[in-house]
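Should a chain be cited, it is by its letter among A, B, C and D, assigned in written order, with residues numbered from 1 in that chain.
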Amino acid sequence: MLLSKNRFFSTTDLIGFGLLALLIFVVLPIGLDTFRLNLFGKYLTYAFVAIGLVLCWGAGGILSLGQGVFFGLGGYCMAMFLKLEASSPEATKIQSTPGIPDFMDWNQITEIPIWWQPFHSLTFSLIAVILVPVIFAFIIGVAMFRRRVGGVYFAIITQAIAAILTILIIGQQGYTGGVNGITDLRTLKGWDIRTDDAKVLLYFVNGGLLFACLFLAQLIRRSKLGRILIAMRNQEDRVRFSGYDVANFKIFVFCAGAAFAAIGGAMFTLQVGFMSPSFVGIVPSIEMVILCAVGGRLSIIGAVYGALLVNLAKTTFSELFPELWLLGLGGLFIAVVLIFPNGLAGLYSDYIEPRITAIFKRKFPESKDPGKFDPAKTAAEAAE
Amino acid sequence: MDARPDFLLTVENLTVSFDGFKAVDSLSFYVEPNECRVIIGPNGAGKTTVLDLICGRTKATGGKVEFKNQELLKMREDQIVHAGVGRKFQTPTVYEDLTVFENLEISYPKGHGVFGALMFRRDDEVISRIDEIAETVFLEDLLDEQAAFLSHGQKQWLEIGMLLIQDPELLMLDEPVAGMSVAERKQTAELLNRVIKDRSVIVIEHDMKFVEDIATRVTVLHQGKVLSEGSMAHVQADPKVIEVYLGH
Amino acid sequence: MSDTPENPKKPMEASRRAVLMGGTAVAASLFAPKFLSASDYPTAAVNTTGLAVTDDEVTIGILHSITGTMAISETGSVQAEKLAIDQINAQGGILGRKIKYIQEDGASDWPTFAEKAKKLLVNDKVASVMGCWTSASRKAVLPVFEQYNGFLYYPTFYEGLEQSPNVIYTGQEATQQIIAGIDWVTQTKGAKSFFLLGSDYIWPRTSNKIARKHIEKLGLKVVGEEYYPLGHTQFNSVINKIRLKKPDVIYAIVVGGSNVAFYKQLKAAGIDMTKEKPLLLTISVTEDEIRGIGGENIVGAYACMKYFQSLDNPNNVAFVEEFKKMWGEDIVIGDVTQAAYLGPWLWKAAVEKAGSFDIDKIREASPGIELTTAPEGYVKVHENHHLWSKTRVGHAKEDGQYEVVFETADLVEPDPFPEGYQ
Amino acid sequence: MFADYTMGELGAIFAMQGFAGLILFSVFVLMALGLAIIFGQMGVINMAHGEFMILGAYVTYLTSNLFADYLPALFSMYFFLAMILAFFVAGGLGMLVEWALIRHLYKRPLDTLLATWGLSLILQQIYRSVFGAREVGVSIPDWMMGSLPLTDMIEVPINGIFVMVLAVGISLAVYIMMFRSSWGKQVRAVTQNRVMAGAVGINTARTDRLTFGIGCGVAGVAGSAFTMIGSTGPTAGQLYIVDTFLVVVFGGAASLLGTIASAFSISQAQSVMEFFLSGSMAKVLTLLTVVGILMLRPQGLFALKLRK
């Protein structure tokens, strides 16, 4: 029923979502202790960014090298709320000005600046987590896409923006915590986020939000909007002369990517317990692109696996062979471009999927999947 | 020199220069409703640039382009499309990663805003309209085929189909039969003859036989200016035209 | 708060004798008067909280960046800690138990530090951790240490403003490093005006703030204060500003690659530091950094630290020799490296004083711990978990070493929350 | 802020500040020229550009050690040989990389970005394994490290003059190669129309490889020169990448003159702002201005207006 009628899920997607849900909600929580589970929770926060990149880059052909900016903004909004809560006058009584965040005290700031004030409210903060990055993305998007800045130029400019924001955060340390970031976050509305129970719960909240984002991304991809994105990537002019305002679509998908990244950032802050400019800059932003590329730039499910796998490899390899890790990561970048441009998802659809669908076909003799296209070709095209 | 209201398209003093080179120089011409205007001229005469200027792909340096009393030069490409101008490119421009059906669906004139596109539903009306157009452009059996796998001629047809589904009042075709086999060419001529009824059309074409078949009036461009204008017989007899084509 | 060491001279001599008598370099500690055997300290008694302590082994963690941008700086610390552990083991270990270490890579990435710290404490149950270098990494691991009640020995000189029950700070906090140096430069060199310069992050900013307060307290002038982003490599504009302001002292806290660029450009601009017009005083250039800068480019500058490789005392001579034996002849040892070396020794002393590996007991035992075998001389743990130590001024020579030109007469009291300097 | 100074002092300061701006300008030109060839002419986004520069710096380091050990008499002259070596080593590696990597990606510029980033990580690790994680100190001959006192107040750093002369020299060389030599014609022909260039008998593969190699070689020379003013360490190259790309993009990617003009305007802006503001804010404002102007004028300062 679901499969044929509204085509929201193709067979492939259904299998993909199902397996991923099984992994995230059953296999990992059962198989791992709290410490490792928390680690996977952290990896999964990058999956949010990777999903956004699949929409922007994979589908829409817009490569942003500044996703760290949105990840960071989302994370900072969350961190500001948590920091204010952690800076109660009792907890900070040794400071020269009790009741303000510690780093402000170190910088001779004696009252909480006005733009910090609204972050006393959880509701405001949660809204800000999404809205601040989205507004920022909107401004960049309008400025760039209205002027038809695209491709390489867009990539370089977003990279410069990431650099600017990092310098700014570090330079304004009295208001941002500088290079140390906002650290020592303890409780959320009185609930201690550092306990094992909290970590497990946060992991599941994270997983839930991830699936919510996956569904939204799927909704976008399966709608005509998703097809327009692909169309834009193929022939931008044709889309324009079919009566679409191309810039609006780019702005939309860029904002959507920013929103996903921001949710990831906020969940990162909650699970890791701090936020710092080292997640905003150029290097983390490019690493976020590699997550997406490894997973398969066209597959939202692949993006999640990409985020898990690369981060897991990073942890493991840097423990076992720290020397080899950078070589491995560098090699991964090159391999993903030269050898398997469709990443894990490409490997899956080339080698594993045919077998699985063969099994399914026997059970439900289904018509062919309408949304499917040749991945090898699209990737090459996407890059043009 | 006010635009006469009975013209569908008024082009007056249209000029564009690229770093001092005037590709189109104070060009004026008028297109009536239901007219089929063919633009011919040697390479570099500015034919494609004229179409680019009308549909907003290239920004004009001066002059005006009025369509149904709207000034097109101030409008964005998509607004021009919504005003009723459709444009086919010289090389077939289709979405290769999408199927024929999806190519046509994207051109279907509904759900053009971001949220419209998000909410767009593929209802029966859409499907039947796409089927109808696909039949017109000889692609009814290939609806589920990915556009990348179509032949060159089929891609040209698909692009024409994508324009037809918009039902534009002014259709601009840039060399619609270029690169086609003889059989395809014949089929296309037949298609275009059907298509150009009930609407105004501007066609750029080199194939004189084809031009003779369809043209109401012919405009000859040379170095960004109108060299001659009138019926096919008129321009063919014009010594200036003969000079440009045969001279030098 | 204050607990002035009664007589710092005496233990110094004692240690000299110990070195002379004992075959092993940096051999004895005051708290190892007799050979301790594990059987005297049953595991059940010395480890009541389930740490990784067996009958013959105790596991600690080493947590530094092996990869990434900070690897450059942290390598020395790792080497020093390993040397200390080897030496302690050679002496029979702690409470009769050999030290085993688990080394983790923080990869110059702060969450990785937090993650690895948690792994060390939760999975490996290490009895203590030697680690971190940047303030950012320390801030990242701090909540982890406080939550799981771990114990960290942190080696870097830093900005202060922190005093955790779970950390022993073996480097100097800002006032210890700054105030004596500025006093020296005003008294001996007659400096009246200062130009403050730093990389743009918390340590240089906080340090310059303390420096400025102190300079103003002395009734002298700060004629300029400038910060450049980390990694900045163009300093010609600021050098011009310095020329314009004509300060007596350039007070420089530039770090990392910027350092190299700054000193090379300063020299190229014709500011010869050997002429001391202006004089350059830094707190961020150890012998390690000079290797990148090149001795000829920084010759004549003064640095204010607690340790220089050239320190002439038996502890240090032995330490430098052992260090080179273990890690190669051409190695240099900077201030932080020495401070990192103190970590395992201070921990050993605390464990032996407490007679237990339990974190709470070590915390209780730590204040007042003395170390006479420290290469820098005599140090003592303050109640605020920082070290009493001397401040010294070194004069950079062409060969990349410092010549010690001044040291404070007494140990300087650590004051991480200095009144009147915030 | 100028009240306390005499006119003479102010004049001297402005002269020196102008000179500082010119040095920064030369640094930017050197950084950007190689990339202007590779990105501007070939459309390849080489994120490993900084690593090619550092390769040049390491070559200089090795050469200096070699001279110090075996030819101490000629030490004062080693730098010239080092720059030539840097050119060939970086250029050679560039050609190898073009052959192994870049040539497969000419139609996918965004993918070259990822691949060359990967390359930059690999190079960094190789540098770290070979030369150690620490920065290496490159000894510069004494005559290059002093300054020329023009007046009492005005002193001109010799390495600054050296960098400036080098920038002018390399710019001229590149200009002559690109616009006056038959090779340059071939390069431009290949960039403009690869198929046609191939059809008229240009060996496009060879031209590409050589172009990429020369771009990398120029980067190597720049890196060699930077040992005088900056640090040489495995990750030092990354510091240059954003500035370099902005200079090239701001100038209008395909235009050599644009690159130079943009290097000039960015360096002057930064130098002036650094004098009046703090270093961090000057940097932020410079970058913001460049990004802002690029948003208004995405094609950069110098770009031909062409029929699409």
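Basically, contacts are C-beta pairs under 8 Å (C-beta built on N, C-alpha and C of every residue); 3 or more make two chains touch, one makes a residue touch a chain.
For clarity, every value in this text was computed on a predicted model and none was experimentally measured.
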{"item": "Steps in the shortest chain-to-chain touch route ending at chain C and beginning at chain B", "value": "2"}
{"item": "Innermost chain, where centres are averages of C-alpha coordinates", "value": "A"}
{"item": "Chain separated most widely from chain A, comparing mean CA positions", "value": "B"}
{"item": "Where chain A and chain B are represented by their mean Cα positions, the distance between them in whole Å", "value": "43"}
{"item": "Rounded Å distance between chain A and chain C, as computed from the means of their C-alpha atoms", "value": "39"}
{"item": "Separation of chain C from chain D, taking each centre as the mean of its C-alpha atoms, in whole Å", "value": "38"}
{"item": "Computed distance of Cα centres, chain D from chain A, in Å", "value": "34"}
{"item": "Where chain D touches two or more other chains, by residue", "value": "128, 278, 280, 283"}
{"item": "Chain B, residues touching no fewer than two other chains", "value": "57"}
{"item": "Two or more partner chains touched - positions in chain C", "value": "200, 227, 229"}
{"item": "Chain A residues within the chain B interface of the complex", "value": "219-220, 223-225, 227-228, 230-231, 233-235, 237-246, 248-249, 252, 368, 370, 373-374, 377-378, 381"}
{"item": "Complex contact set, residues of chain D against chain C", "value": "5, 9, 13, 16-17, 19-20, 23-24, 27, 128, 133-140, 145-147, 149, 153, 155, 157-160, 228-233, 235-236, 239, 270-271, 274-275, 278-280, 282-283"}
{"item": "Touch list for chain C against partner chain D, complex", "value": "69, 71-72, 75, 200, 226-229, 231-234, 236-241, 243-244, 256-261, 264-265, 267-270, 288, 290-297"}
{"item": "Contact set on chain D toward chain A in their complex", "value": "43, 45, 101, 104-105, 107-115, 117-126, 128-129, 238, 241-242, 245-246, 249, 278, 280-281, 283-284, 287-288, 290-291, 294-296, 298"}
{"item": "Chain D partner contacts - residues on chain A that touch it in the complex", "value": "57, 63, 65, 143-144, 147-149, 151-153, 155-157, 159-161, 163-164, 167-168, 170-171, 282-283, 286, 289-290, 293, 323, 326-327, 329-334, 336-338, 341, 380, 382-384"}
